[in-house]
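Would you mind keeping the following structure in view while I ask a few things?
Order of writing sets the labels: A, B, C and D. Residues in every chain begin at 1.
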Amino acid sequence: MTIRPTSTLTLVFGVMIISACATNNPAPSPAENLLTRDPVATSFRPQGQASLERLAQDDVQRICSEYEGREIPADLVAMISAESASSVVFPADGNYFGDWRAGKLIAETGTGLQSNDDPSKPNGGNCYACHQMAPDEIAYGTIGLPLVNYGKLRGTSEAILKYTWTRLWNSHAYNACSHMPRFGANGVLTEQQLKDVMAFLFDVESPVNKEVVSP
Amino acid sequence: MASPMRIRATMMNGATEVKVLMSHPMETGQRKDSSGALVPVHHIKDVVAKHNDKVVLQAEWGAAVSQNPFLQFKFSGGAAGDTVSVTWNDNKGETRTDQVTLR
Amino acid sequence: MSLDRRHFLSVSASMIGALVAGVALPFRLLAQQARPEAGFAATDLASAYAALGGNPEPSNDIVFTSPEIAENGAVVPVSVVSNIAGTTKISILVEKNPNPLTAVFYIAEGTEPSIQTRVKVAQTCNLYAVVEANGKLFSASRETKVTLGGCGG
Amino acid sequence: MMISRFVLAILLVCGQSALAHAEEDIFAEYRAMFGDDSPAILVEMDGEALWSTAAGEKAVSLETCDLGLGPGVVDGAYAQLPRYFQDADKVMDLETRLLWCMETIQGLDTIDLRDQPFSEQGTPQTALEQLSAFIASRSKGLPISVPQSHPKEVEAFESGKRLFNFRAGPHDFSCATCHGQEGKRIRLQSLLKLNSPEGARESFSTWPAYRISQGSVRTIEWRMADCARQQRLPGLIFGSDFAIDLITYLGVQANGEAMNAPGLKR
């Protein structure tokens, strides 16, 4: 897992936040000025694999917390997108595809990195928590866009493969402050696991690309 | 020590409707606890419901009856002052009887 | 005591003798004698049926209700109402559970052949209500889908 | 004319979304089959007995505990928590208040309870869970009115509002990730928008709740701790500011709604 330490980027972001606050946001309310305590610092204890380090926000987390539910200033969007896109690591061997069966399991698995999870077991991707995928799986979430027939509808051009890999690796490259975890950038899934998920999305044999049968 | 049941008995049109909630873990023997150890099978095996001294319902249960079991049934008769009692016995030899008085 | 006759028939002769003689036996003893252990131990529907006395005949006179889709398989409410005269026994089976036979209810005279309870359903499958009346077995079935709710963690 | 057409259009849109919502709740039949027979009642009964049972060094019951409406007043108390307590100089929710009473009135050693406030699946419910179920049930039907009169109560609300958006951990999750939008679901589980009065009302009024999947009554502090776990955060400390602030934020938004706890949840 990589929580990026505060870097020179923070300085840049910091200045931008200050200027953004000055121009786009109302001054803090008197009530907000009352805040004297720091609940984050005092309210947690290390548990299992979840150490207190996880509470330290990186730049993306800090900015996205600040602007949750509000419009993010264009310059911050540009900054987050550029930074996120430039950090994507594409498969070293140029091959984007693993085993769709393994990818299906990753999409269905919701465990991994929780304080009570066994760190020796591979993390899940839990794609189904938020996305519709195989047309015959009814237990899908709706926080993310439907991905039914993902490969069938989009083909397998180099452009779409790179786009999809980037989405999985760090979704903020295309959608700053996306609610989707940065599966690659934050080390939630390994390169091989990402390839398996890619196969689940694109393989013609994958249930994702099976005919949609209307009930 | 088993916790009390909650028995509700309602007289309606010459009959008595009984709703029972029992406090019991109903372990199947297949569940693992947080340390990964199998939790031993522990479930109610039989239930007997009586209206005064008369048995009105008897049941034999496996471990797939849900935890904190619920049971609803209806028998004819029942008058204010009568009792409705329910007894369960589980596979560990624990037992519990509770009763309510109709009114 | 006006408990189901059939239930008592499975009790050993000496005990029936004791009953006739008016000797008060603890009820539990009778219940344990009557428990269809082979039925509860059966690991598939066919052998559970065999233990209950054979294959039931599907009947529209049993109103069997279970939810079409359950939010959690650990607790699935079921309701059985038998409109078959002479109903003495109602059993509930869950086809794909490790042991399909879940519960057997003995309906005493004067008790309505109507039961509500809640059962565990390990995976999407058919649930069966089997009714015994006048020595014959009847059944009704319902499919209940069991799904994954929540975050999966 | 223009205006009435506009209103009509809004009505149509709203009507449709309400319909879509009803159709989406595919578990409605399932939940309806439980009627009013929630196993939570078993835990309420245990809690009621515990409330009047003498315990601790001082061998007295909790019956003189002040839950905010005066010593010993249980009816309606839960609908007005969390609130500021002068004696502790803190905003407390029901659960931290109960521990306070156990310590100060009963002289009870609560170290173990603080460490393990919630029962493990398959083990008996803790005193805290039993008492919470009982006390919450005694606010049934009463309007939620979480106070905002003391500056510390206002502070807790404002802090909770901010913490709701706090993104952290390897998955970048905040409360808002799942509970910041209308009409979404995880798998088949409908999600409430908890930074809106509608969602907060539905949620806050039904905790504590009997959790079907665990066969236990779970409290609102448990819900906060379990959200933190699913957010991949470290362990949320029982009675911590983070927990109380978020609970206050939910409660204040829910003001006016009738309490209906313990609820029944998946």
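The rule we apply is simple: a contact is a pair of C-beta atoms (placed from the backbone, for glycine too) under 8 Å apart; a residue touches a chain by one contact, two chains touch by 3 or more.
Because the structure is predicted, anything quoted here is derived from the model rather than measured.
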* Please give the intersection of the contact partners of chain A with those of chain C. => D
* Between C-D and B-D, flag the pair that has more C-beta pairs in contact. => C-D
* Going by C-alpha centroids, which chain is farthest from chain C? Tell me that one. => A
* To do: Give me the ID of the chain with the smallest distance between its Cα centroid and the all-protein Cα centroid.
  => D
* Structure fact -> Here the gap between chain C and chain D, centre to centre from mean Cα coordinates and rounded to Å, is 39
* Structure fact -> Whole-Å distance, C-alpha centre of chain B to that of chain D, is 30
* Centre distance in Å when chain B and chain C are each reduced to the mean of their C-alpha atoms -> 15
* Structure fact -> When centres are defined as mean Cα positions, the distance from chain A to chain B in whole Å is 49
* Structure fact -> Residues in chain A with touches to at least two other chains are numbered 114, 116, 128-129, 138-139
* Set of chain C residues in contact with two or more other chains -> 74-77, 147-149, 151-153
* Of all residues in chain D, the ones touching two or more other chains -> 186-189, 215, 229-230
* To do: Flag every residue of chain A that touches chain D in the complex, lowest number first.
  => 1, 3, 29, 31-32, 34-37, 39-40, 42-47, 50-52, 54-57, 60-62, 64-66, 68-69, 113-116, 128-130, 138-143, 179, 181-182, 186-188
* Structure fact -> Note: in the complex, chain C contacts chain D through residues 65, 67-72, 74-77, 79, 147-153
* Structure fact -> Counting only contacts in the complex, chain D reaches chain C at residues 26-27, 29-31, 33-34, 186-189, 212-213, 215, 229-230, 266
* Which chain B residues qualify as touching chain D in the complex? -> 3-6, 19, 21, 23, 25-27, 31, 33-34, 39, 66-68, 70, 72
* Across the complex, what residues on chain C touch chain B? -> 1-4, 7, 27-28, 31-32, 34-36, 40, 74-77, 94, 97-99, 101-108, 110-112, 114-120
